[in-house]
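What follows is a pair of complexes built around chain A, which joins chain B in one and chain C in the other.
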Partner chain A sequence: MKRGTFTILCLLLMLTGCWDSNEIEDVGLIIGVGLDYGKDEEFSMTHQYVVPNNIQGIQGGLSTGQPFQNLTLEGESFFEIIRENSLETDRPPNFTHLKSLVVSDELIEKESVRKLISFFLRDHEFRRTVAVFTTKENVATIMEVEPTKEIFPAVQIKELTQNNYKSLEILENTKFSDISKYISEDASFVIPEIEINKDRIRLSGAAIISNKDFKLVGWLNSKEVQGLKWITNTVKSGLVSLTDESDNNTKDHVVLEIIKANTKIDPTLDKGELKVEVTINTTIRLGEDWNIERDVFEPGWNKKINKDAEAHIKRSVEKVISLAQEEYELDFLTISKWVRIKEPAYYEKHKKNWNSIFKDVPISVNVNVDVDGYGTQDLK
Partner chain B sequence: MNNQKMSNFPIIVFIISTIIGVGIITLPREAANVIDQPNMWISLILGASIAFLNGLLIFAMIKRYPSQTIYEIAPKIAGRWIGSVFNLIFVVYCIAISAYIVRTMAEIVNYYLLDLTPRLVVITVLIIACFYLVSAGIENIMAFLQLYFPLILLMFFVLTVLSIRNIDITNLRPIFIQDIGPLLKGAKITFFSFVGYELIMVLSKKGAIRNWKSMSTVLLLSLGAVCTIYVLFFILNIGILSVEELKVTTFPTIEMAKSIEFQGFFFERFELLFLFGWIITIFTTVVAYYYAALLGLCTTLNCKKKWYLNGVVGISIILFAMYPDGITELFSYGTYINYLSYASLIAIPLILLLITVSRRSLR
Partner chain C sequence: MKIRKRSNKQTTVTEQIIEDFHNSSDVQFKSLALPSLDITLVFICDITNKKTIQDLIIAPLLALVNQDEPVNPSSIPSILPVEAIDVVNNREKVNTYLMDGYSIIIASGKAEIVYAINTSKFVKRNTEEPVNEPTISGPRDGFVESIEDNKALIRKHMHSSDLVFERYSVGTEVKTCIELVYLKGKAREELLNEARERIDAIEAEYIGDAGLLEQTISKNKYSTFPELTNTQFPLKVTNALMEGKITILTDGSPTALIAPTTLNMLLQTPDDYYFKWIPASLTRILTYFAAIISFVLPAIYISLISFHHGLIPTDLAISLSKTREGVPFPSVIEAFLMELTIEILREAGIRLPKPIGSTVSIVGAIVIGETAVSAGIVSPMMVMVISFTAICSFTVPNYQLSLALRSIRFFLLFFAAILGIYGMLIALFIISTHLVSLRSFKVPYMEPFAPFRLNQLKDSVIRLFFKQDKKAGKTHE
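On to the complex of A and B.
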């Protein structure tokens, strides 16, 4: 008898399983969010909803519209805007599959990224892998741009950086987790920039966020991004093109493909003075060569290429270092990380005033290029 | 298994399942706040060593009275009244620690899984399951733990494999910092994450462990296994989130699981799967303490009707668990529980041991 009553009681409790049920058809999945200043009210927020009925393919049905719908709302705070969604759509917004966040440059110029991001980090719905981008364009417009290969603009934006191993100009995604890490470590960082180029979304450069107040202080163009990639050891592959005029090589296009690259940052203490040595080792292969005279079967053919490539890489790295040290006086090159690892005691002592120390630290750059080969055929 | 001597393996499983619980999710943050060094996982090994020594101390005491639990030994050594007080302290400790664990679980379930379900319901469901399992006796608890043990290990394994590629090695460096001070201070915290082996005092009724050799094997294997899992998770946590970030993340391991994503195809939200597995580890921990508390009450009050006492233990765990107002208060109660653990893990066994030794030498 007792056992029976107990079993029934237990079975009754099983019913609570439905307490939090939320039918998947009724969920408004949001895959992209854009933040900007509003026209009438303080902020505007663009939500990119998935419209499942319009996704072509699986059912083979005719789609009548776009598979996504952008909803731009204005309000005094972002949380309020999210709640305001309910006034215009019958599906509660669900952010668990958010892919990318686009912030306008005006917004991060005046508002601290720390404040903007804190809401997104506090709420458990947001994933830590959401990629953050900034743009000089209108945020609502850039999120409307027809994607080329993907179904949704938000996914397209996020996946743009997937090719970061192909090009020197593509940074890795700056994710929520990265931003939160930089902010808790009190470090400056960069956010990749996107722009509209001939009706398509395109990665262009990066925005520098200062660690003083976490606001936008400047931009890196795609050339300078190359230097940043070298120094942060994120180069996986890409091209070194020696066609710059300053390379004394104007007539002969020489394009080299990077096979392997490795950057070592070595801070050393010399009588209490910090010194940083950047050593870049890279293996490249001749990709495109317009110099007909060059005979790759002759020993020593690669000497000139070697020298030019070394100078080229060194120049681009030194450019970004001088930007960091002289123009912005901010360490967005993550040098501080290596000081923390190699000279922990020194870093502990100077953590607080790292910015003022960093701008005077002598940084020397060594580049060692190894030309690995010339491909399958050398046409004469 | 009835009426037979237990072999070492179920006891090892019992201890491992008891130890692994809330610590795996909250410990990285607590440790990061105190130690603040990327090599803080060394502290875990120190904590495990202290736990090992403490375990030997406990065994030195219970070895003198084979086939008896702490609840029978204490009145024998210290006299009926003082012994009962010791027993009650131990029972309160078991109830408090279960309450703390269930409440933390309820908070996490509330954050990540069921945000509309009241905490009380989540807690009650778990406690009713405990009630049922404990009423079936220690043999069945052991069988249950062995059944779920591979599942728990598998879940840890999958989480490790999936998140290993997110590790940023630079977060873990430098490994050799000369500053030992914080590591030692941190051992005080990590030690508490190994709490659970003291239930060996309750298991001794079956006459499971008789000599030093098997006892040290059991302790070494179980603490070693837990220490390995913890060190692994610490390295993952630090490697993925970095020390600075750990300090400000409420539930680091879940956030770490949240970072798992494979670009290109839709594999996300692994943390939900991880949480389901993790709730089982919480359940195994609470069941063990629940059983210890119930056995203590029964022995001390000399009562036959376990049915009622079982309910009393369950309800008091629920009441204790609902007492803190919020998660910050909850974490601050953790320190009081640490005092209780000092009392029941170190003080009581030590006092009992000293009394017996001095008595024997007086004779």
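On to the complex of A and C.
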């Protein structure tokens, strides 16, 4: 009896056949998606398919044609457009290897990100590591830009931010997971912006998404991104460029490289009034010095650089704070997170009207810079 | 000697022998007429040493021919210059002695007295290094086909008075001599009883080799895993005896069977103990790793490539999809084709004589591997996966286990082809359930992993230094 049951179970298993099996070469791997308004219908969606046969160098053989195919289709909803794909490709689209999602600025200006991303968060094929970008250019055009080092534009776009530890102007990727987190936290956030510069894709600034309706409200340029990076404690390295006025009234460049950086946001309640203290501690190293008068072997040589750097960083941080508090009245600086952690009762009470409170919160910025060296050699 | 019509009337021993051996040409008789005594010498000419017979039996007896005094049959043992003479009074014994190469002396005076003298000379091989168990620095003597020599080898490697050989004769039609070997005081009594019971229960007609014996006394008939380890290394046997295990030697087979067997034991090689513990442990880890790869890799590859594309890194996924472009079969068929090819090549390599065997591997590697890819029948990645799997399975030290893992590989591949990683996990679940419930001579097969034995783990995936081994041994006693 027992054996009979077992046999039947085994046979049942065979009835399924190769259920759900789909060979990898029969799958249309999509590595990039672009969203925009359509010309004829409501939305347009650009799919970047991998065309494996056109990739050079894997199996010798020369191949002609692009290793990717961009398919731009229009429709009423994204899900419908994806299904429409099947009319034009023989391979079922597969989004498990999706790298980046590019959204046009018009789209996020008029439509809530929350609505746009709904489908991508619901479907299981989309990984939560997909990086989201926005652009003022035409989405279909920017996804056609020939990549310089990678094989696919979508990969190139995603990998651009890999250098975020090298420059203060590069934000970390805003991933699907981040967006879903921000939306459920009800927080404002930024999405990195890309543009076409001399036929190459280039990171520029960032788009600010408001937490009121999750639509685009404004832009940050590269300089302002620096301040944002300082305040959100995402600085890993980068350069601080100063203009140094030396004694004989000539202007010299001093470029400092950031070795270590740490930002602490400390909200305190003082008689029911919220005060936020931002403390930035950073260690920098003299990277390039045009002032040949400076003698690094003299004690106290770095005092002036310290002071200048502190002022420089403070200025850029205060710039972005004033943008957030005065111009946009939106907390995209993640201050709310720290208030929630450190003063949970207060935040709970004012969660609903956080934006209106935020714009009047006094934020003080302290920057402590420590110049720890001048590199391997000083010309003296 | 089961059903043999015995004539009821009184026959002479000579007649009996003629009847029992059916006039076989190699049974030879020689009659000597001594004063008042007829002597018939019987021996099987091919397995006896003629010079011994001549010098030790015939010559001394002939010297008596010219003597006047009558020769007393009972005085024969004192006349012949040999170490041991047995008196035989049983018809069956006579036959056994003859087949063992003894010479039978039938002295027929008033009554018949039968003596047996060992004059055996069997064809045998010198001890050589076992072919399928190569070692780097260990002793290189291996068992041979003669059970006496094998016993001698064990004695040589183990100077202990506790070493006990128990002789059994098995087979209902044709008797084969087997020896149960154990170390008194080390081997548990239950284990010995279990072994004795199983040997007594043998009902086979003929046990020609240790492999046959293994299958007859094994209780896990439906399992692909071996219940007894076979080895041709005396040192492996003595190590096992030291651990309280038992060994069974079979006459005519160069293979010794060790019981009980655990999975852990099958993955050990004697070399593990000859080197310092850190490299030895690393080798052990490597062996375990390779053994696991040797049965899961094709299944994992199939599942990833035809079910879970999202689990492959993007760059690899793209290049895989490029290399598989134009392959006419689904990956499952492709995998089975390649597996089949490898198995055929392996079998061909074993069956063919050695000089041609290497040709087969070259033809296999170049023709099948290279040209099948360029002909577009299989993808290069599949060739890589399958050949890597094959190489991994060669690192499994025990051939029986390697065979078992080969069968499991197909089982897993089948499940993976149906349900992907989910199916593979089902198959792994079935296999591990089976392994955990498996017993070899009442010892859990997965020991020391399940049931978990912490103090035995130091000689499993890793091999710790010996000093600690000794300490653990003391606390045991």
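The rule is simple: the second predicted complex is superposed on the first by the 359 of 380 C-alpha atoms of A that agree within 3 Å, B and C clash if a C-alpha of one lies under 4 Å from a C-alpha of the other, contacts with A are read in each partner's own complex, and residues count from 1 in each chain.
The definition used in the following text is that a residue touches a chain if its C-beta (ideal position, glycine included) is under 8 Å from a C-beta of that chain, and two chains touch if they have at least 3 such contacts.
Because the structure is predicted, anything quoted here is derived from the model rather than measured.
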Partner chain(s) touched by A:140 [first = chain B, second = chain C, both, neither]: neither
Partner chain in contact with A:181 - chain B first, chain C second, else both or neither: first
Chain B versus chain C as contact partner of A:159, first or second or both or neither: first
Which superposed partner A:27 touches (first chain B, second chain C, both, neither): second
First, second, both or neither for A:50, with chain B first and chain C second: second
Contacts of A:127 with chain B and chain C, given as first, second, both or neither: both
Partner chain in contact with A:96 - chain B first, chain C second, else both or neither: both
Which of chain B and chain C A:196 touches, first, second, both or neither: neither
Residues of chain A contacting chain B in one complex and chain C in the other: 13, 16, 19-20, 96-97, 127
Complex contact set, residues of chain B against chain A: 111-117, 121, 124-125, 128, 132, 170, 173-174, 177, 240-242, 244-245, 247-248, 255, 258-259, 261, 263-264, 268-269
Complex interface listing, chain A residues touching chain B: 6, 9-10, 13, 16, 19-20, 96-97, 124, 127-129, 159, 162, 177, 180-181, 184-185, 337-338, 340-342, 344
Chain C-touching residues of chain A, taken from the complex the two chains share: 13-14, 16-25, 27, 29, 31, 50, 52-53, 55, 58-59, 94, 96-97, 99, 125, 127, 155
Residues of chain C that touch chain A when the two form their complex: 305-307, 309-310, 312, 314, 317-325, 327, 330-332, 380, 415, 417-420, 423
